[in-house]
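Below are structures written as structure tokens.
In what comes next, chain A is part of two complexes: it sits with chain B in the first one and with chain C in the second one.
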Partner chain A sequence: MKHGPLLLRGLALLLLVSFVIAPQRFAPLFAPLTQYGAPPIYDQGNLLTLTLAHLGTVCLAAAASTLIAVALAILVTRQSGRAFLPLSRTLVNIGQTFPPVAVLAITVPLVGFGEIPTLIALFAYGLLPIFENTLVGLQTLPPAVTEAADGMGLSARERLFSVELPLAMPLILEGIRLSLVINVGTATIGSTVAAKGLGEVIIAGLLSNNTAFILQGGLVTALMAVLLYEGMLAVERRLCRSVRTD
Partner chain B sequence: MITIEHLAKQYGTKAVVEDVNLTIERNSIAVIVGTSGSGKSTLLRMINRLIEPSAGRVLIEGADTREEPAHLLRRRIGYAIQGHGLFPHRTVEENIATVPRLLKWPAARIAARVRELLEVFQLEPATYAHAFPHQLSGGQQQRVGVARALAAEPAVLLMDEPFGALDPIIRAKAQEDLLAIQRRYGTTIVLVTHDMDEAFRLGDRVAVMSNGRVLQFDTPAALLAHPADPLVTRMTGQTDRALRLLSLTTAGEIAAPGAVPGPTVSAAASLRDVLSELLWRGAEAASVTREDGTPCGHVSVAALLRHGRSP
Partner chain C sequence: MSALAAPLTAAPRRIEPLGALLTLAGALALTWLPFVLVKANRIVPGTPLGVGAALPPAVAGGLIVLLVGAAAVGLCVGAPRVRLLAALTALAGLALAVGLAGSLLTPGGNRVVRVAPGGAFWVVLVCLGLLATDALTRLRPRPLVRVLALGLLLGIVVAALASGWFDHLSILREYAVNAARFAQELRRHVLLAFGSLLAAALVGLPLGILCHRVPRLRPGVLGTLNVIQTIPAIALFGILMAPLGALAGGFPALQRLGVSGIGAAPAVVALFLYSLLPIVANTASGLARVSRAAVDAARGMGMTHWQVLRGIELRLALPVIITGVRVVLVQNIGMVTVAALIGGGGLGTFVFQGIGQTAIDLVLLGAIPTVALAFSSAVLLDALAETLERR
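And now, the complex of A and B:
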């Protein structure tokens, strides 16, 4: 029974990979969804290229969000940066509450069409979960552990890197996972401003009234989100096996 | 030697520690005892500057503790606390090696020191060196905490209620171990507790604190015999002070020559325990034997009663 979920994940991965590499093989499955002899499989671009571009955009945005959110959380949990906590929180919250579509609308006139506006929208959208999780991780360290660290003479820097961050790591990774998964779906809107991604397939489907296209774009995106979630979960388990806050 | 001069700590207008003066001899155990809120932990933490004093100074071997950065000072002073504070993501070995690593000891020296300490604290290296703290029992975690505090061979060890979280039986064992370790390494220990029994058992001298002031700093016997303040009398316990006095001397110290018929007690047993044993058995005297089994005389009830009398 233990291998059940693993098998399922393997199948999902296999399905995703074989579909993006050789989508034509799945044509009979999608054919019933088309009308008037429209193509059952997206033919205006390479699905593999689009998927990789989509993944690349999401990962790049997540990397930037992680860098900034973790740095901010570290800053506001230091004695000297405590005053910036409300401001940081507000900024990060704005990033989450401001709809990504609106971010696109604002940034396109400034930086033009393409990947950049999408990256900015995803970056802003993905900050909150990482920031909040890192903050909680750093604020809820066991008091005896931090006191012992100080008492033994760790410098502030040594304490941060060898005690605080490792102990907060499970929560930080969880934040990154949430941010990644949210943004895999959100990234599809990037195609409205000519960013390469799976949104292109969905939009093409909407424009030509082709349900098969819409379904393909949606399925590949969803499979990617599920696999990213599971993959990150596995990484978390592996990295944090020994971290127990007892 | 630790010299504390006019040490004080204020938070706003509230004085937590007021004008404390203490001299703690090298190789001795000083216990600071007091009720919660008496300022005893604050006093301890001012020694390694986890809390910076508002006034006064602390000298260790004549050197002012403010002469070097606080974190470097702390690497030379062992620090063990209640609830051990072990790093949960590090193995026992890595935990103990923390300060030697900060001090950039060579790897071979660190490994040898860790192994030595594990053996001293009766933790089989093969079993425990690579275990994580959550895999140990409470008593073992506490021992690793003390081993970690002693890892860099500090001349001074500060302990803040180190045995507070242990159950009575393990606590008694931990106290015994601490005395043995102090004898072995000659560390100067300053220990904070609210437990007067613990203070009497461990302290060469005991500082009784109340409301931020040290009321008296003296040997346990002197605290009982010549209390400087009514509060000291109250805290050391008026009703059982004779028994406390008995508990400070061992049978071996007062044994008179000659064996007697009747029960046998160990030379290391306190007079309090001997009296209890004699009462229980209804005997008038007990023979005293050393740890190796050789006889070293006898102790009579009359002698015990003499020792329990107000000096």
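And now, the complex of A and C:
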């Protein structure tokens, strides 16, 4: 039972890697989708470079969102930051109603075209799930544990780093996973504002009416999202096991 | 150390930290950023003007007094009602002032000059909005009150825009040029978002019930729907263009119904596919939440399967299902924006046109109503779910 999904994941990874390294080998598969002798494989740029740029943008944005979101969640759950707690919860709710395109479109006129508006939009959009999950994780600690920590005479800092954060870690990681997966898809829209990424392939397909391009861009992005999801899930399982045995 | 710290923390807090932060941000913005930008046309960068330069001295002074008053309340008064009132008064003053600046700075009869709200206006707007939001959150309004407040707010905004006071601001200039198209794209946006939601509900509810009744199906169905969610929106739109185009080519009857490779059809199908997951998953987990005892009792009373499902299970699962519908609706309203790329129409048309022409006013003309639409839907459905949950 357990080997089936693992095998499937391995195959998906193999497919993704071999496709972005040697896309021309897959040309016969995509050829039936093109018309009037259009190229079956994206030829206006290197697929590998685009994939890495896409992944780089997503990971950079996710790293920044993680740092800021976790710091903010810690801040509003401390005694000194309590005043910001109700507002920050409402803001998370409101923020999730902002469509990513709107965030992207509003940043473009402020900072210009290219990677930067995409990074900002992904960063802002990625904050919400991580912040929300960290907040829940820090606020739903079992009272017995926090009392024990106080009873042991831990300082506030020790309590945060060796009790609260490790216990909240599964939820924090889940938030990071959600935000990564959403951002892999959202980053494709970044190509409408000239950011490098797989959206370029899809948009080239839309512009030249070439379904093969659209399918390639979409498949590589979707495979990447699925693999990131599964990879993060594996990391979560491993880390959470170690938390429990500690 | 701890002996020293105790009396300090026990001392009453005089300054509200949120008020301090917002006051600082607002004051910095008013000092360093322009209140309005006067542009010779819609695309060139504008001349920045501060509050003093943009408004007659009496009005500028009045605005500053209002803002200082709101800051003072934000800093020193803890009562949420007072804070809400101060924030809303200052917001109204700010809006009236920027509208007046627009009228005064536009030369009479000139249709080319644009007066756009500047950085200071937006920052102060956000600060006052945050102050009001915080106060409102602390008041914990009941669902009905929240819906009424939303309706009142929307009513005031629409009335204010219709009054003509703001007509000289750049975004409304953009609206005036595109008024007919705006109404059409807005209708289209709502139609696409709600239409695909309705279709997804019609298919997703039975599918969710099926997943609950036949647990073996659940991992397969939810797994497939999960994978669909990972396909980026623009790719799914694009991928659907080819089969729909072929379908319309093969069946002229479908073409007459409006099905074609570009336009609304691929958008509706894609949104429908994205919408299925939250609805199916929430229906299944909502039904799983219904206690076995309640179902058994109903069966024991001689109710049929169908009666139990309709009268007990679905009724108890409804709040969870509504939460799924909220997720779908907010997600759809955002994603319809992307449909503009494949000729699907909707408010995204203005957003992408605006990006193409680097005309921020056009971007905002598309983006602000989209956000307002998503936000209003979220408030309405949240209130509905909460009301059902309480019953």
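By our rule, the second predicted complex is superposed on the first by the 235 of 246 C-alpha atoms of A that agree within 3 Å, B and C clash if a C-alpha of one lies under 4 Å from a C-alpha of the other, contacts with A are read in each partner's own complex, and residues count from 1 in each chain.
Throughout what follows, contacts are C-beta pairs under 8 Å (C-beta built on N, C-alpha and C of every residue); 3 or more make two chains touch, one makes a residue touch a chain.
Given the structure is predicted, the values throughout are model-derived calculations rather than measurements.
**Student:** Looking at A:V181 after the superposition, I want to know if it touches chain B, chain C, both of them or none. Which is it: first, second, both, neither?
**Tutor:** Once the two structures are laid over each other on A, A:V181 reaches chain C alone.
**Student:** Of the partners chain B and chain C, which touch A:A83 in the superposed model: first, second, both, neither?
**Tutor:** second
**Student:** Of chain B and chain C, which one touches more of chain A's residues?
**Tutor:** For chain A, the partner with the higher number of touched residues is C.
**Student:** Taking the superposition on A as described, I'd like to know which of chain B and chain C A:T192 touches: first, second, both or neither.
**Tutor:** So A:T192 only meets chain C here.
**Student:** Is A:M152 contacted by the first partner chain B, the second partner chain C, both or neither?
**Tutor:** A:M152: touches chain B, not chain C.
**Student:** With the touch criterion stated at the top, can you tell me which chain A residues are shared between the chain B interface and the chain C interface?
**Tutor:** Overlap of chain B and chain C footprints on chain A: empty.
**Student:** Show me the residue ranges of chain B that touch chain A in the complex, using the header's touch definition.
**Tutor:** 48, 50, 70-76, 79, 81-89, 98-99, 102, 132-134, 145, 148-149, 158
**Student:** Over in the complex, which chain C residues touch chain A? Could you list them?
**Tutor:** So the residues of chain C touching chain A come out as 9, 16-18, 130, 133-134, 136-138, 227, 230-236, 238-239, 241-242, 330, 333-335, 337-338, 341-342, 348, 351-352, 354-355, 358, 360, 363-364, 366-367, 370-371, 374-375, 377-378.
**Student:** For the complex, which residues does chain A have touching chain B?
**Tutor:** Answer in residue numbers: 142, 144-155, 158, 163, 166-167, 242-246.
**Student:** Spell out the residues on chain A that touch chain C in their complex, using ranges where they run on.
**Tutor:** These residues of chain A touch chain C: 33, 79-81, 83-84, 86-87, 89-91, 93-94, 96-102, 105-106, 108-109, 181, 184-186, 188-189, 192-193, 198-199, 202-203, 205-206, 211, 214-215, 217-219, 221-222, 225-226, 229.
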